[in-house]
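Working notes, beginning with the structure itself.
We just call them A, B, C and D in the order they show up, numbering each chain from 1.
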Amino acid sequence: MYNIATLVVGLIQVLVMLALAPLLTGIIRKTKARTQKRIGASILQPYYDLLKLVQKDEVVSDQTSWIFRACPWVNFAAMATAAFFIPVFLVYTPFGLVGDLLLVIGLFALGRFFTMLAGLDVASSFGGLGSSREMMISALLEPALFLSIFVVAITYGGTNLSTTIEASSISSFLPHPQIIFAAIGLFIIILGETGRLPFDNPATHLELTMVHETMILEYSGKSLALMEWSQSIKQIILFTLMVNIFVPWGISSSILLPSLAVGFFMFAGKISLFGIFVAFLESSVAKWRLFRIPDLIAIAIATSMIGIVLCYL
Amino acid sequence: MDNLLSDLTILFLLLPPIAGAGLVTVLKKKRTIGIITICAASLILIQVLFVVSKIVSEKTITAFGNAFYVDSLSAVILLSVSVVGFVAALYSKNYMGRQYDNGTVDDKHIVRYYQGFNVFLLTMLVVPIANNLGIMWVTVEATTLVSVLLIMLYFKENAIEAAWKYLIIATVGLSFALIGTVFFYYANINANNSEDAMNWTGMVHNAKHFDPNLVKIAFVFILVGFGTKAGLAPMHTWLPDAHSEAPTPVSAVLSGVLLNCAFYGIIRFHIISSVSIGPEFSNQLLVILAVVSIGIAAASIYFQKDMKRMLAYSSVEHMGLISLGIGFGGLFGIYGAILQIVNHAVAKPLMFFASGSVSQKYEAKAMSKIKGIIRVMPVTGILFLIGGLALVGMPPFNVFLSEFMILSSGFKSGQFIATLLVILFLVVTFAVFLRHLIKMIFGNPLSEMKKGEMGKLAIIPMVILCSIVVIFGIFIPAQLQTLIQNASTIISGGGFA
Amino acid sequence: MTDSFTLFQAAILLYVAGAILGLLSRNTSLTRTITFLPPTVASVLLVIFSSSIIISGKSFQFVAPGTLSFFNFEILVDGISAFFILIIGIVSFAVSLYSIGYSKEYEIKKRTSALVFLFNIFILSMVLVVASNNAFFFLVFWELMSLTSFFLVIYDHDKEENLKSGMTYLVMTHLGTTFIFASFLLGYIQTGSFSFDSFRHGSAGFPLLVKNLVFVFAFIGFGTKAGMVPLHVWLPKAHPSAPSNVSALMSAVMIKIGIYGMIRTIFDFSGFGASPDFAWWGMLLIVFGSASAIVGVLYAVVERDIKRALAFSSIENIGIILVGLGLSIVFTSFQLTAFAVLALVASMYHAINHAFFKGLLFMGAGSVVSVTHTKNIEHLGGLVKQMPWTSLLFLIGAISISGLPPFNGFISEWFTMQSLLSSYHIPSTILQISIAFASLPFALTIGIAAATFVKLFAMTFLSKARSKHAINIKEVSRSMILGMSILAAACVLFGVVPYLGTSLISTAFHLSSQPSSPFDSISIQNNSGKSFANLSMPVVVIIISSVSVAIFGFIRVLGGDTKKTTYGTWDCGFGGLNERMEYTPTSLSQPMRAVFKVFFKPHNQTEKESFGENPYLLKSIKIETVIKNIFEETFYAPIISSFVFFFDKVRRLQTGKINAYLLYIMITLVLLLLFVRLSNNV
Amino acid sequence: METMQFDILTISGAILLIATFGIVATRGFMDWLNAYRYQSIVLSGVTAIIGYVTGIWEIYIAAGLTLVIKSIIIPKVLTYVTRKLEIEFKLETNPYVSIRASVIISALLVALSYFLIQQIPFKSDQIVNVYLPVSMAQFFIGLFVLVNRRTVLSQVVGLLIIENGLFLFAMALTHGVSLLIEVGIFVDILVGILISSILLFRISRTFDSLDVGKLENLRDD
């Protein structure tokens, strides 16, 4: 497996993730706009935004420290590194020997850690508000996420994503009913992790409702671009995990070009469909009250626990 | 020739306190009589060290026919009496001087004090070496009478009350002890031994032929009798009163060694009874009283307001521990108990001296009025702290070793319930005792106080005791180890090493 | 042998010398440096000593007979002891350096001599506890360790509160000691000796009941020292009260000695073996470990006192260590050796990690407290600009303890999670499911821990100063920064090169080692021989750094050179944004309090002061949100009050009436006589 | 001869018990002293009987000593002390248990002592046989007096009863242990009485009362 070809394919997978991340955001936004009977911006709009932002001058608060300035870079580095360990259209990645799903979660947490610090660094009550809420949500999401990973890992034999996705692509999930529960759990968690409704409204700027946006409120220019981009990378990583673990259809199991091409298009299709599905869902629910969010997470935990019990029975 | 030497040995042991008392009566000068007493006490100490070294090599000394009989067990008691007597004499000089200066006592009192002190020492020296158990009883009774006089030296209400209670309760208790003694004697004659029937040696030799029922009843009387004097609960009630109201050096002697002397009586009869009917019976009784004592002491310390009273309860606890060790038996238990006798004799006077200095400095005995000792008198404070930690069995101080051995033997002998109860009580004691102690030692004094110790003569005795406390925690001299070893063999092996 | 002996002796003598030097010292800054020199050097010697023992694999034994009749002074430093001595050595090295600068604060108030003396003896006693090979001396040094640390806890004895904390600590630890004592006694009864050697050889032959009892007693006893819930109450009181360098030692090292004792007893003295009979031991550890983890972190996240929050976090981390240890026991009892090794590595890795980052964090907190003179983070903020080094080092500690890559906390938590996942190998459904459920509190703990340290770091170092305590302060002295840097470096090193830790642990504990070179991936196999999980931190770090460089270049190329303007934080156009509008620690953790209100029972305490009689004319009103301490109120308080009730009954015996006293004697006599009479049945 | 000897012993024992009861049943201090004196005289008689039965001449000395010390010196000392006292104390007004009940309890205590020592082997030694329970009963009665009475003086009397029991006990069991110890015990008692007299003075002077109820400062509750 250790040859240049796999390494190249592995790197291409990473680049695909980084490159397609804003596109996924664009697709979701477009879909949401259409469901709301708006035409909406182009699905390429996130790219224009990024391009525009990196060229702009920055305004930095005089209260902030180096933490605030380091945060976007740390965030992006963490998310981009996480992308290395995800098989996208090939069932394995050469980087599977470097890190596993738990590392991916760790990297996400690192990014979030710095985001929360940056939110508090600006000394405004907005940042504090966001960090405070994020503290609660992330702390609760962690066990839910771990439990659903637990189900996946013991069903498919590993937290090494190459192993997991290979195993899931071979067997269907019919002999593993627990996987359905894990999928439900993971889906709820992904909504939370990516800051989607009903956890958080990514489109709002109303202090009553926003969580993630408040923490990056002070960012501008390049920093904001990095923050936005890394957020969308996180999103595509999670979506990819979702589709590749639970619906691994069409994923390429060899590095032959035709099967890779099929794999890529299947991946693009699945992830777009998933994005559209999420967008539809977002359009049909309202944001939940902050203190009802734990209930939602509890549902995720409960389904994962049922999954665990099913694993062993 | 040999006999003469032994006679002289014993004579020189008893002469200094007699001479001391005599000289004090004759001279009556405040300065000199203190020094005379110190000299007498140090002569006793030297002579005892000589006796002890002889005992270590020869195991027994018999003198004046059969009247005096010293073995390793007696030597342990003698040693503790002489050491504590010596440091108490040293401490008295300073303490009584200060009491005189602040007008608590006058010249007459001081003379009476030193007379009493010498006689007190004399009586306690005779207790462990008397072969005749009747004489032993008489001297124990005599210690009561002398110490009553010493306690009521002050004519304060509380002192008189304490003296009265002590007198009545101890006398009643000791009359039981006499009954027990006479019962044993009767058992001895009944077993057809009229030769030296009242002597310990005679009894032990013949003990196998004693009537078991008689021995049981007799031992109950002995236990209640000497137990009263030794402060075993529930006969301990006089103890906190008497020990807290006596002049501090006397408290130290009362608590440190007089209790040991009384317990020595129990041990002697325990040996006889063990030889006669096996150790189970007396062990059982000893363990019961021990557990009650330790429990009551633990519970009583919590509400104490008076420093010296608290220390007195701690003595009850320690006597309980000694009794427990003897009761559990086995090499560890008995060795631990004897070590506990020694350790108690060192640690308790240290605490009493320190508390005496502290209450002179603060002019109070109530613990609520004493704060920040370590700020006001750092040396005394540290000594007080070390003594307190030793008392509650904190390593690396000496009492830990003996408690460790006693509790080990408890498990070894299978008495789990008793041992676990005692461990619980010890933890409680630890908590409540240290709670009081730490509140006194640390923090800030309630009012501005001048920093300063109570003088060298007050510190030196404490330093002596404290160094023993620390050293014995991890190292015991080989001679003493042999002595204690022999003494435990006497207890477990039927009276002879 | 002789070399190690010389090293060991030299280290001990240096500590003693340091103690004595401390006693003799006077208050100049030169002597301050000199007095902390011996422990610094001694710690280095310890590090060399222990690593030579670990590397050579030969244990060091030494017996000095005869100071006491029945107990020999025995020393045995095998791999396990050496591992813990290594922890002591590294941390105390850093802390000793730190103390040079830190103890300056105590010079102003009083002489430092007692501090230096106790500090040295404290470290020495910890070393000797770990090295002891005889139950008696183990207990002696154990209590010496408790005692010296107790004195250090009440070092500031002006405050009544510190005395109380110290008492709680002393009593709890003494209670723990009695359990340890009981555990050893059981070994003594069985083997007739107090030497650990005889325990070691004889323990396999103990009856099962005795084995279980030995374990349970040791578990309670050592658990108390380790700060395990519900025996943890002393820890959050004692650790914050002590001077910060001592807090660092206590939290980083001393509670690990409890873990050491547990490991020693379980694997050496309790006759533990690969039999399902012992699986419940592991489950017990897992249950209490999880409880400690979650309880510790829940209290930590709402805490406002920086040192106390760290102390609670120690409870949490001890919980994580215990979970790993418990898993290892469960795996061993089902003969799943590979996973037992994994779990033990996880647990020990976390032990050493916790020593590093908790030492670092306590020192950081100490630096903050020493310049601001407050432990309450409500009054802090904005220190990052005035104390750049301290804040950087504290941040490293915070990231490490939150278990975030690429620092060391992540590695041990990764191992622990993998051990939890490996539970599917256990051939018992009920255990599988319970361990899986145990991972819920575990994961929750990690999540909340990150929140805790976001709060601690941000509220201390970021945003604006919230009181005058945090204004006009200076960075701490160089020796303090050096001390912290050592541990920070260790945190980074053990995170980036986990090979260091794993090989250290597997050599010390004689385990089958996994990776053979630093760049090898740590790998765990699943049933079908495929890789279950892999981790290769050096490569991860390479990826992270290359990604960072690449993205920096990419953005630069894409966006060109742009300007940065500094301007005030956005204030919605109202202006006058000040520190009173910031989020405070209490408000930051408000959602957590609300979510876990069942546990915290938060309520407001209101103090009103009014003008005269009229309750409506208020002069001042103070509202404070407080949480209930359920352990103290529902567990300890009833026990204590029942004891006091009993004491109260007993003291009524001492009525002062001589008649009553005589009656007691009479009753005793008659009862005993009746006992004799009736037991004879003539 | 045997039976007659036994009768004499029994009768003397009974007389002694009755004399002891006399102390229990009286209330004034002077009455106690008189009762005590009678008891002591009976005791010395009993001692003489023991001497007669055993034929050991030293016991006659002991009997004489008893007569002198217990029925003359000690009452004299106590009378002297009480005259010196400046306060009113004459009657024991409120014992914990009333006089009537006290007598009944004393009777019970006599029964108890017979019960308790049944197991002791007597070896047909009639002296022991008869006097052992009697002395035990004295013992318990003395203790009961101590427990029951509330004045300092009556406690001294209780102590004296115990001492008398002790004396009888020692005589009966050992037929005179040895003169040396006997004398030692006598001296002890004498000194004890002296010291308690001193204490009596002190108490009456310090507390203006002889009520032990005043002596309750030192306590824990």
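Quick note on the criterion: a residue touches a chain if its C-beta (ideal position, glycine included) is under 8 Å from a C-beta of that chain, and two chains touch if they have at least 3 such contacts.
Being a predicted model, the structure only gives us computed values, none of them experimental.
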Steps needed, at fewest, to go from subunit A to subunit B via touching chains:
2
Calculate how many whole Å lie between the centre of subunit B and the centre of subunit C, each centre taken as the average of the chain's C-alpha atoms.
44
Could you give the separation in Å between the centres of subunit C and subunit D, each centre being the mean of its C-alpha atoms?
69
For subunit B and subunit D, let me know how many angstrom lie between their CA-based centres, rounded off.
31
Subunit A and subunit C have mean C-alpha positions lying a whole-number Å distance apart equal to 35
Shared-contact residues (touching 2 or more other chains) in subunit C
651, 653-654, 658, 662, 665, 673, 680, 682
Could you list which residues of subunit A touch at least two other chains?
none
Can you tell me which residues of subunit B touch two or more of the remaining chains?
164-165, 168, 172, 213, 217, 240, 300, 303
Taking the top-of-page definition of touch, could you list the pairs of chains it picks out?
A-C, B-C, B-D, C-D
With touch defined as at the start, can you tell me which subunit B residues reach subunit C in the complex?
164-165, 168-169, 172-173, 176, 213, 216-217, 220-221, 223-224, 228, 234-235, 237-238, 240, 285, 295-296, 299-300, 302-303, 332, 335, 374, 389, 394-396, 400-401, 404-405, 407-408, 411-412, 420, 423, 426-428, 430-432, 434-435, 438-439, 442-444, 473-476, 478, 481, 484-485
Within the complex, subunit B is touched by subunit C residues 66-70, 136, 139-144, 147, 154, 157-158, 160, 163, 166-167, 170-171, 174-175, 178, 181-182, 185-186, 188-189, 194, 643-644, 646-651, 653-654, 658, 660-662, 664-665, 667-669, 672-673, 675-676, 680, 682
Interface with subunit C, subunit D side, in the complex: residues 96, 112, 115-116, 118-119, 140, 143-144, 146-150, 155, 212-213, 215-221
Which stretch or stretches of subunit C touch subunit A in the complex?
301, 382, 384-385, 391, 395, 399, 402-405, 410, 414, 417-418, 420-421, 424, 429, 432-433, 436-437, 439-444, 446-448, 450-451, 453-455, 457-459, 461-464, 521, 523, 526-528, 530-536, 539-540, 543-544, 547-548, 551-552, 555, 558-560, 562-571, 577, 579, 581-583, 587-592, 594-595
Looking at the complex, which residues from subunit A come into contact with subunit C?
51, 54-67, 73, 76-78, 80-81, 84, 95-100, 102-103, 106-107, 109-110, 112-113, 116-117, 120-129, 131-133, 135-136, 138-143, 145-147, 150, 153-154, 157-160, 162-163, 166-167, 217-218, 221-222, 225-226, 290-291, 294, 301, 305, 308-309, 311-313
